[in-house]
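First the structure, then my questions, so here it is.
Chain IDs A, B, C, D, E and F follow the sequence of writing; residue 1 opens each chain.
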Amino acid sequence: MKAYLTRRYRFPASHRLFLPDASEAENQRVYGKCNNPHGHGHNYALEVTVSGQLDLHGMVCDLPRLDAFVTREVIERYDHANLNHLPEFAGKVPTTENLGLEIYERLRSFGAARLERIRLEETRKNSFEIGNMLP
Amino acid sequence: MKAYLTRRYRFPASHRLFLPDASEAENQRVYGKCNNPHGHGHNYALEVTVSGQLDLHGMVCDLPRLDAFVTREVIERYDHANLNHLPEFAGKVPTTENLGLEIYERLRSFGAARLERIRLEETRKNSFEIGNMLP
Amino acid sequence: MKAYLTRRYRFPASHRLFLPDASEAENQRVYGKCNNPHGHGHNYALEVTVSGQLDLHGMVCDLPRLDAFVTREVIERYDHANLNHLPEFAGKVPTTENLGLEIYERLRSFGAARLERIRLEETRKNSFEIGNMLP
Amino acid sequence: MKAYLTRRYRFPASHRLFLPDASEAENQRVYGKCNNPHGHGHNYALEVTVSGQLDLHGMVCDLPRLDAFVTREVIERYDHANLNHLPEFAGKVPTTENLGLEIYERLRSFGAARLERIRLEETRKNSFEIGNMLP
Amino acid sequence: MKAYLTRRYRFPASHRLFLPDASEAENQRVYGKCNNPHGHGHNYALEVTVSGQLDLHGMVCDLPRLDAFVTREVIERYDHANLNHLPEFAGKVPTTENLGLEIYERLRSFGAARLERIRLEETRKNSFEIGNMLP
Amino acid sequence: MKAYLTRRYRFPASHRLFLPDASEAENQRVYGKCNNPHGHGHNYALEVTVSGQLDLHGMVCDLPRLDAFVTREVIERYDHANLNHLPEFAGKVPTTENLGLEIYERLRSFGAARLERIRLEETRKNSFEIGNMLP
């Protein structure tokens, strides 16, 4: 029988939301306070869900291996970072949705279990999910 | 790629659970303390999940627009309310399940993204989900 | 050496805030939505802190004894209750502050350890403490 | 319309992770500190999700009936237990995954609503889901 | 009898920790990743505790009045802000400790109840308290 | 001005509560399920509060230094441990109260700020505080 493992990580980061090609008034209308000139930040929580048949050791996958992979691909890159200064957000607004898509792509190649979905919490009131969801 | 946005709201309300047509003994057996004559209350937490392709602004949908819609359709109606005195619960027991169905119907016409499901938390131990779930 | 034990309980209840002698306009100004005519409710969380030297069993006090005392004095009385209909709130507004004072008085006679203070959480955003605090 | 009810339970228990047939070095490599000789423990949180059409009483199912079933089948068995000493884990590593499979099997025969899935939280960072999930 | 009211607020903000007069190596040694050049951010949670005798309305103080005061003095200033660009942190490192001192000073003049202390949560693992504490 | 820093740590461990000199009936009466023969466990949360004037860097104390001290003195010793097998609990019941006293003593010699108190959470419903509290 298959089981789903969800592992939770945390990292603080900062961003400013604005479209370089839009007018200041347009950016203010769309992004409100998130468009404040010097940026603001969040304590992001990331949940990674992988699935698989249990192995000989009674586990979905080796946990240190998952942690090492997520740390190398995601945490080391985004922990204490200013998202606007990263190349993957050149010409793209670093909304939490876009950050989520980026993280999902970075985690797809995990070899020890099947990546199902990620959930990225921006605040206690806002979260985003990407991956295998209902059609 | 599609993303799912979940937004969390809170509102306190009160209710009393009983079937007007049932005997007092029957109501006591079915609803226990929830049948106490003058009602009791909860801090409800409501999570609304909508989905969509990211728009030009890198978002599932405009958040202030979602908030305005949920506030007008749900929060203004149920915040600090006694559910038993609302017309939609005339002849219907205002269980959290029935409140959830009512909220789901009220939110279906949201135009800026697809309503997927709602989750209504009655206490830390009890929650209900309605909408697109597994078959 | 002394230790402080804090034990957490939960109970839902409902109340309506208004001063019978005040005008409707005055009640609306002071209590806002909390003055809605049929009441509303909360999931209250109660934390009871007691202190003492550790006994032979390595404990501040016998936990089942504390639970039985708090259940008899507080939980059985307020769980699933409408506070406005209780005699101790006749002529008194059942604010969470006043409920806290009432609970504190009810718990003072606990014999197995010293009652230090109580904390009563109305919502995640509001809580009240009563008892031995800083001068 | 169908609704999903999720109910949350908690129980502390202890376990030691090791394969009797594997060498000490192998067990240390796979399980790390979880292989410490005298075991360690967790406060497990169990979420049980059942679904159904709302009944006459406006409920997915009778809550005391669900609680009695889960208590008899799961809580009484695993609350304050050392998992390694239970017969179902003879020859099987009592990982939280395996405990989850065992709990899922024990809950399948619930008659008052359809068991959809369980979620077992080992720590705030780790949880497992078993049951009706996406394909 | 006196009661203590604690009210919780949330605001995201960003900061970069470094001493302008210190060498880069020194800043890196002291602040680690918090010294990353473009800053990072947090979802701050602020708890404000005030005390007083209950008034005629059964309250420590008028809650909308407290909210308006904290919003004007603190939230409007720090919500979605980059702390390094604010005049009060010119020549001062915007650590959460220093932000806490600044917030405490801004709240001292509240007239409707006695300010006791503030608690500022930077992450789930770190918090700071300032005000009337034990000697 | 002084500030108080509280830092949160987590570690799972297991224990069995019983007095070797007491009869089985007596142990059962006092400790109930906590006396189960093979032990059970918890995810302990430890909060360490230290205080001090802010230093040149705007901090109560160097956080990595505090973390290293707590890790060496407490976490490495109790993480994934069975408390009953540790020498400090020979002839002493490893209740969470006694574990708290032990942890408090181990942390007193911290040199970079004043240890004020510790708080040890056994479950969401139970916690213990030791140190500088109200008289």
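Worth pointing out:
Keep in mind that, in the parts below, a contact is a pair of C-beta atoms (placed from the backbone, for glycine too) under 8 Å apart; a residue touches a chain by one contact, two chains touch by 3 or more.
This is a predicted model, so every value here is computed, not measured.
With chains reduced to the mean position of their C-alpha atoms, the one farthest from subunit F is B.
One finds 28 Å separating the Cα centroids of subunit A and subunit B. Distance from the subunit D centre to the subunit E centre is 41 Å, each centre being the mean of its Cα atoms.
Residue positions 124, 133-134 of subunit E are each in touch with at least two other chains. Contact between chains, as defined at the top, is found for A-B, A-D, A-E, B-C, B-D, C-E, C-F, D-F, E-F. For subunit D in complex with subunit B, the residues that touch the partner chain are 1-9, 51, 54, 56-60, 62-64, 116, 132-134.
Across the complex, subunit F is touched by residues 10, 12-15, 33-34, 36-43, 79-82, 84-85, 123-124 of subunit D.
Against subunit B, the residues of subunit A that register as touching in their complex are 17, 19, 30-32, 92-95, 97-98, 100-101, 104, 124-130, 133-134.
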